[in-house]
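To keep things simple, chains are lettered A, B and C as they appear, and every chain counts its residues starting from 1.
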């Protein structure tokens, strides 16, 4: 296709640069000020790790972070399993009964306002008398994030050359074997990207978690939210920076895994 | 029957678990929302009078149907608070989607015109902020926008203003937050369609005498409409129900519907009214949701 | 010159029409529908062991569908496919002793060259040592030694094509199917690869079926060609027979270039037909097939069978039967080995003549505007029913 170099106008460069500055500047400022020695959030008082020390003494915050990490890891793993199965069913299952409903249920949560998803899940949990806490939040997050996993994996499956599976069968693989020997290694990067996405979405969610959690089981965003409502505190900058760092590490590790298990030149598109 | 269908059976089996999961945790809960939106508020735990008691048998069930009440919905129509909330949500969503399109299009266009090898990098750069927490990014803006925040300091230092401007708790701050948070959702689908476009088409337009603007308006833009549609819906629908951004950045004198729902639920403990709000919100969003579903399906299944 | 019956090739690996042993592959009345579209419409065909057979046809003619039914990726709606006497129409692809070389090669991008070639051997549960030997053998066969560790995206188009060939040959299938195997290569490489394909086939003594839309390619590589159109197998013949004795107007025009004159048979003396044409007056054709029963026919002549000269051939003994058409050269295209002339006949019809450039200096060439006689012998005519 487009092997030739496209003309990049000055307008293109300016809009790209401004766009990226807009996206990154607030985050950079936040990270820098987390190392501020001053109590005043906006006055630079020199470099310091003071707020990180205070953070580690804030047991409620640490507890919430631990809860969030457990929820994110558990729900991302279940969501990856279910979402991958759903993607396989959608892209290889041809037409089956209830397929339209199935794909509708998978695509709708991607845009569904979180207040609706959160409220409806809570009402379900109340109706079945489930004890609210770790598992209800995990189930809620799994429901949301498996849809993202399904979309990521499905688009990868769709872009695969169908003749690869045929070639594998031609060379003696039964259909399930052909899928495992050829298709599975090729979609691993997408599955890894899906897990990553599910993990960060879960770590990030405030609204659904607020609805579905119970007393004494606050997640990190719930904790941050209640602090933020009371005003800006340098300590929040510190925890936010840590979350950003964690996500950066997850992204880097995951893309390394994806790179190792994938083919050169085929990057895992995270979305 | 082709041999492709050999895959079909195991693939269909793969659907069972996610299918059941989604029915149980996505579809069924809406039933509960609907049910509770039709029941009466009581001060209890949970704070609503049960509509159905399945253990009570058929006659009780029939009686229960008789007791269904549309009171909550009548309240939504009669009380200005709700009507205004819905109206404000739609206005905010429309306005901010328009802004997102105006800002996101040039960025996506610039990305699509980058040299091939830089495009994945640019895409990564757009996606990464999306991976970092939504709440944290809003918080980052609070840092900047607050009374003695960085923005006011810079403006004061440059003598643009003589005294600090109130940024926080204004609609401007809210729009800024929405645009900031949803920008990747607008850019990515736009970029996807623009990058797929054959550059020869634009060259042919220019060759046939169209000015750069005409090339854009008559060739590029019409061809990017599927991406525009996807981006618009991907932003518009969730923004209508947005809670966090207006709650943290906008003033409290007028509420978006997500805030109203939150208020009814957490503060007033009026679950039936909160459910009714959700039902109406869902009804309002049904059409865009259906259009979005079609777009999404076509996009994912065209690749097959 | 030659009659169709004499067009059979000199003795080779097989001879059509001499049913000595049962065919390796017998396709019987095979049909395939996609919805209401009949992709393959009642095809029957025998292919003998050791044959290099080409399925030739325009895109959408059903040739690839037929090939995919042989590989097992499609199941015929009607008919049988017998391989060594066993009906394999419903056997799954991985259980057939048939391998396929895919159009886009379908090399596994996550596996290196060696693992791609060994893929099918591992499925066949060969021992490690056997696999190593076979892979080395295949690498040598396609001249890829030293590239074992490369991934497909580190190979050139020609190298990928060789890996795909080696991979599909490694299991020593009874039948190798090739789906447009050279379509992705440029012209020069394609020509040399055609020769290599023939050598490989001859050396291994395997049976190849190739699908192609390129008639030159089909004629170069194949012993026999089946021409398909709209789901039907229209003619099965050797390349020479197909070119010199096409059995329909469609094939005559699809394979190579041809001049057609529409006319009516006015008399018939043994094999000599006299045909009254609108475009070129009365012509004589020698048609040994007595099959022509209708009187409305097409008389077809290949451009290279039409000679041009200023005065026509010297009238010798058989000269009386030679067809002569007067006209004016309107266009000359010099193509290196040959020159193609367009001649506008007195009737206004334009015909094409192609002459070999056997000498460097163009003593014999005719320029535009030159008045010439275009002539051809009755033997060089093909008579086709309308």
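Heads up, the rule we're going with is that contacts are C-beta pairs under 8 Å (C-beta built on N, C-alpha and C of every residue); 3 or more make two chains touch, one makes a residue touch a chain.
Since the structure is predicted, the reported quantities are computational estimates derived from the model, not experimental observations.
Counted as hops between touching chains, the shortest connection from chain A to chain C is 1. Among the other chains, the CA centroid farthest from that of chain C is the one of B.
Centroids built from CA atoms put chain C at 56 Å from chain A. If you average the CA atoms of chain B and of chain C, the two centres end up 59 Å from each other. For the pair chain A and chain B, the distance between mean C-alpha positions equals 16 Å.
Counting only residues that touch two or more partner chains, chain A has 169, 175.
Residue positions of chain C with contacts to 2 or more other chains are 72-73, 92-93.
The residues of chain B that reach two or more other chains are 3-4, 6, listed in rising order. Across the complex, chain A is touched by residues 71-73, 92-94, 98-100, 102-104, 106-110, 119-120, 123-124, 151, 153-154, 167-168, 171 of chain C.
Chain A contributes residues 1-2, 4-9, 11-13, 15-16, 19-20, 22-24, 26-27, 29-30, 33, 40-42, 82-83, 85-86, 88-94, 96, 98, 102-117, 119-121, 123-124, 126-127, 139-140, 142-143, 146, 150-151, 154-155, 158-159, 162, 165, 169, 175-176, 179, 196-197, 200, 203-204, 206-207, 210-211, 221, 224-225, 228-229, 232, 236-237, 240, 243-244, 247, 251, 267, 269-271 to its touches with chain B in the complex.
Interface residues of chain B, counted against chain A in their complex, comprise 3-8, 10-12, 14-15, 17-19, 21-23, 25-30, 32-33, 36, 46, 103, 106-107, 109-116, 120, 122-123, 125-137, 139-144, 146, 148-150, 153, 180, 183-184, 187-188, 198-199, 233-234, 237-238, 240-244, 248, 258, 261-262, 265-266, 271, 274-275, 278, 281-282, 285, 289, 292-293, 296-297, 300-304.
The touching residues of chain A, counted against chain C in their complex, run 161, 163-164, 166-175, 177-178, 181-182, 185-186, 262-266.
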